[in-house]
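Two complexes come next, and they have one chain in common, chain A, joined by chain B in the first and chain C in the second.
Coming up: the complex of A and B.
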C-alpha cells in the first residue's frame, strides 16, 4: 500500500514537471503584446536585450522550474543550456538570466520590475499580479 | 596606444603601466555608476569556471604542453597543471547601457602571474540595442574557440584541438572593440572589429618570447538554429625581440666567423622583431542536441623563422547519449619552413660544435608537422559538473615538434600517446 502511494506521488510529481503548462509572464505596466516562442527564446538565450517598446528586458529564471522551461523552449537538457551560457558568459558575449529560488519569488520580482520577464506554472498564475506573454502547451 | 608604447623598458614599468590602465577603466566605471545609478543598478554578479585535469604521456623523451604559454610539461608521470585552471569573473551592470567585467584565471602561464592571468577587465557600452563598444582588456578571439578556450565546461574535449590552439596563443589584448549584432529572421549575424596592443609571454622552451605589439582584426559570425560559422582575420606586429642575444652576439663575432666561416650571415635570421603576423581562419560548429560537429581551418603568415607560416585544421564529431557524449577528433598542423644550412666548423673544438648546433637548433627546429587522432568521452554527471576522459595519439615528423618541449638531443619520437581525464565545472 505504502509502495503504491509512493509510486503515485512520484508519478504525479514527474508528470506535473513534464506536462504542466508553463506560462511566460511580464510586468502589468509593461505595455507589450503577447509574444511568439521565438521571441521568448531571444530573451532567454541572450539574443536581445530590449522589448519592442524600448524597455530593457530583465529575464529571470525560476530555479524550481528551470529544467522544464528550457526543455520546452529549446528541446535540450539543462546541461546543454548551461554549457551554452558558459560559452557566452565567460567569453564576454552575454549575461545569463538572473536566478530566483522559486516561482513565488519570481512573481514578486516580475511585479516589481517593469522589464522583468520570467515563467511560472499555470496553477500559480494570477492575472491581477502579472501579465501572461506566452503559454507553452 | 602610442602612450602605452612609450614606457616599456622594464617589466616593473610595464606592470605599473597596465595597472594604471585598468585603474582608469574602473574609475570610468565608478563615475558612471554614480551618474547613472537607478533602482536596480549597479547589479553585481560573481561567476566562475574551472577544470581539474590529470594528463600523462607514454614517453619521457618529449614534453606535452597544452599551449606554448605553459611552463610545466606533461611526460610519463601524471601532471595536474596541464589541464587544470580556475577562473573567476565579476560582472557589474552599471546602467541600462553600461557594463563592466573582470576575469582572472589561475593557471600555469609564463610571465608575470598577475598581469598575464588577468584575462579581461573592460567596460562595455551599448551604443544602441544591437551595437556595443568595449574598452579595456579583452580576451583575444582569433579563432572559433579562442575567447572561451579556458572554459572546459563549454566544449566536449579535454582541451581545444592542440594543432590549432597551442601555436601562437594570444590570450588577450588591451584596446577597443566594436560589435554589431543583427537579427535576420531566424538567423543572426555578428560583426566585430577590434584594435589594441597585446602582450603574451611564452615559456622558456620558446626562449621566453613575448608576443607583443599592436593587434587588429575583424570577424563575422553567422548563427542559424544549429549552426555557428565564423570567419576571422587578425593582424599582429611583433615589436619585441626574441631573447637570444647571447647566441646572436656569438655568431655575429668576427672571431666566430673565422672558425665557422659564413655563420655570421645567419644573424638576421635570429630575429622576430618587426615581423608581421597575419591569421586567417574559417570555422563552423553544428549542434542539434544529439550530434556535435566542430571543424576549423586556418593559415598563419608570419615572416619569421621562429613561428614559420603554418596551416592547421581539425574535425571533431560527437554523439550524445543522454548525459554521455562520445567524440572523436582529428587535427593536423603543417608549417612551411625552409631549412637553413649552418656552416661546418673549421676545427672540431667542442665549444664550436656546441655553438654550431645551438645555431642550427634555433634556426631549424621551429617547424610544426603534427597530426593527432583522439577518442574521448564527456559525462555530464551534474548540471554544472562534467567528467571527461581522452586518449590522443600524436604523429610527429622529424622537424615538426615545435609545439612540444623538445629533448636536448633534438631526437623526437614518431608517436606519442597522451592520456588525460578530469572534471570541468562552473559555479
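Coming up: the complex of A and C.
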C-alpha cells in the first residue's frame, strides 16, 4: 500500500514537471512571426532548414528539457526521436539539433545566433533576451 | 451398315480407362495451373504489401526528412527481391525516384500507397509504388502445377491401374471366358461354361449358372425337336411312298378346275411327261383338257361342289396319238383345308381293261356271233330309243331255199350262206339303219326316218336282187337262194310296238311266200297289199 502511494507521488511530481509550460524561442533579431506547432516540428525534425525570411535555422536541444519537449512536440518517446536521428545521421546528409547542457546555456546560444531556435520553461522566459515563437498549451 | 470388327472388351476397357485417366490428368493440370496462378497472384500481392510494410517506416523517415539517400537505399533493397520489378518513391517538395530492374516493359499493376507525415497521420508527404515482376506469378504457378501434375499422375494413374485390374479380374476376363465358350458351342454339343473362380457369388457367376441351365434346356429341346422331325420325316416318307406308289392317280384341283398337285400314277395314267407335283402358276393347266368329253367332266365338278359328296363317273381320255382309247374312273370330292380354302380332291383309276371287257360282253349280248348282226333285243332297244322318229320301216325277211341248201351242202355251207346274206344286207342300207338276225334264216332291217315310198322300193329291190346273186361257198360250191321281204311302217301310227311292226311285216312277207317268193310286199296308202316279185321285174300285179 505504502509502495503504491510512493509511486503515485513520484508520477505526480514528474507529470507536474512535464506539464510545465514550454516556450519555443528564437533570436530577437530574427524577424519572423510566431509559428505553428507543425512548423516547430519541421525545424526540430530536420524537415525545414530555413526560416521564411531565408535565415538558416539552427535548432538547439536543451538536455534537461529535451524529453518533455519532444513528448509535447511529437507525442513520441524520446527513444524514437533518438532512433529517428540515428537513421538520418547514418545516411550522412542530416545532423540532429546540437545539444546544450541546460536552459541557461540555451538562452545564451539563442541570443548569439540569428537563426537559433530552441525551447525553455516559461519561468525562465525573459522577452528582453529571446523572442517567443510558440507556446505549448 | 457393315458390322464393326470384333474388339475385345479388355482392349476397350484399357483404352477407355487410359484415355479417361489422361483427360482427367489434363483437366487436373489445367485446373491446378489456374488455381495456382490465381493463388500466386494473391500471394505476390500479399508479399508486396508485406515488403511495403517492412520499408514503410524508413520511407516515412526519408520522405519527411527529404533524405534521398535513405530512399535510394530502400529502393535498392526492394529491387533485390525477385518479386519486384520496379519501385517508385516520391516525396513532396523533395526527391522523386523511379527505378526498374531492366528495360522490359511490364503491364502488371503498380501497388501504390501514400506516405504520411510522421507526426501528422493525415498529411500525405509522398508516395511509394511497387510493380511486381510479370513472370513471377506465372513461374510460381508453373512450378506448383508441375508438382501437382506429378502427384496427380501418380494418384490418378495408380487409381486407374487399380480400377483396370479389378475390372479385368472380376468382370472382363470372366465375361470373355463366357463369351468365348458360348461362341464356340454348337447346337447339340454338350459343352458347358467352366466355373468362374473369381465370380462364384456374384452376378457373373449367376449368369454362368443360368446360361448353363439354359443350354441344357436348349439341348433337350433341340434333341426332342430333332427326334420329332425324324419321326415326321419318316411318316411323311411313308405317306409319300403310299401317295406315289398308289395304283390310283391322286390329284388336287382348285375350284376352277386347275391342277394343283398330283402323284406319279396320275402322270403315268395321263401320259404326262413331267411329275406334276406343286405346279407353278404358269405351268398350271385345266384338268378337263385331258378328258375327251370335257363338258361332262365340268358337270361332274359342279355336282361335287354343289353336293359336297363324293361323285364319280367314267371318262374316256382325250385321244393320244397311236394309242387305244383309255378309260378312267374318276372320283371327285370337295375338301376344305385349314386355311378355309376349298379344293377338289380327285382319284383316278385306269379302268380301260374293265370297260373293254364290259363292252365286249355287251357286244356279245347284242350281236349274233355267226353273222355279227344285232340280236332281236338289241334291235328292239334301238327301235324303242328311236321311237320319237316320225317314220320308220320294218323289212321282215326270210331266205327262200335255205333249208334245201342246208340239207344239200351241210351246216357249214348254210352258215356261210347266212354270213354272206348278212354282209349283203348290210351293204343295202344307210349307216343309220339297223340289220338284225331274228334267228334261223329270218332277218329284219329297220329303216329310220324314211318318208319317200320310192326310196323304200329301191332298197327292197336292192335287197332282193343282191340276195339272188349266186353265193360262192368254196371252189366247188355255189349256192343260189332267194329272199321274201315283207314291209311294215309306222307312219301315222305313233307308239306302235316292235311286236306289232314285226307282226305286220311278217304278214306281208307271207304274202310274198304264198305268191311265188323272191320279191317284196308293201301296203299302199289305202292299206292294200302290193306285191312286187323279182320274176315280174318288180312290177305290181
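Quick note on the criterion: the second predicted complex is superposed on the first by the 121 of 137 C-alpha atoms of A that agree within 3 Å, B and C clash if a C-alpha of one lies under 4 Å from a C-alpha of the other, contacts with A are read in each partner's own complex, and residues count from 1 in each chain.
Throughout what follows, contacts are C-beta pairs under 8 Å (C-beta built on N, C-alpha and C of every residue); 3 or more make two chains touch, one makes a residue touch a chain.
Keep in mind that this is a model prediction, so the values were computed, not measured.
Engineer: Once both complexes are superposed via chain A, do chain B and chain C end up clashing or fitting?
Structural biologist: Aligned on chain A, chain C clashes with chain B.
Engineer: Applying the document's definition of touch, where does A:128 land relative to chain B and chain C: first, second, both, or neither?
Structural biologist: In the superposition, A:128 contacts neither chain B nor chain C.
Engineer: Compare chain B and chain C by how many residues of chain A each one touches, and report the one with more.
Structural biologist: In the superposed model, B touches more residues of chain A.
Engineer: Thinking of the overlay built on chain A, is A:87 touched by chain B (first), by chain C (second), by both, or by neither?
Structural biologist: both
Engineer: For A:38, select first, second, both or neither according to whether it touches chain B, chain C, the two together, or no partner.
Structural biologist: In the superposed model, A:38 contacts both chain B and chain C.
Engineer: Answer with first, second, both or neither: which of chain B and chain C does A:47 touch in the superposed model?
Structural biologist: Both chain B and chain C are touched by A:47.
Engineer: Which of 19-27, 217-225, 361-369 or 415-423 in chain B clashes with chain C after superposition?
Structural biologist: For chain B, the listed stretch overlapping chain C after superposition is 217-225.
Engineer: Considering only the contact definition stated at the top, list the common interface residues of chain A for chain B and chain C.
Structural biologist: 38, 47, 75-76, 84, 87, 91-93
Engineer: Report the residues of chain A in contact with chain C in the complex, numbered from low to high.
Structural biologist: For this pair, the touching residues of chain A are 38, 41, 45-47, 73-76, 84, 87-88, 91-94.
Engineer: In their complex, what parts of chain B are in touch with chain A?
Structural biologist: For this pair, the touching residues of chain B are 40, 43, 45, 47, 49, 87, 89, 91, 93, 96, 99, 101, 103, 120, 122, 124, 126, 129, 134, 138-139, 141, 147-148, 150-151, 153-155, 183, 186, 188, 289, 323, 380, 383-384, 386, 426.
Engineer: Under the stated contact criterion, what part of chain A meets chain B in this complex?
Structural biologist: Chain A reaches chain B through residues 38, 42, 47-50, 56, 58, 75-80, 82-84, 86-87, 89-93, 95, 98, 113.
Engineer: Can you list the residues on chain C that touch chain A in the complex?
Structural biologist: The contact residues of chain C facing chain A are 58, 61, 64-70, 73, 118-120.
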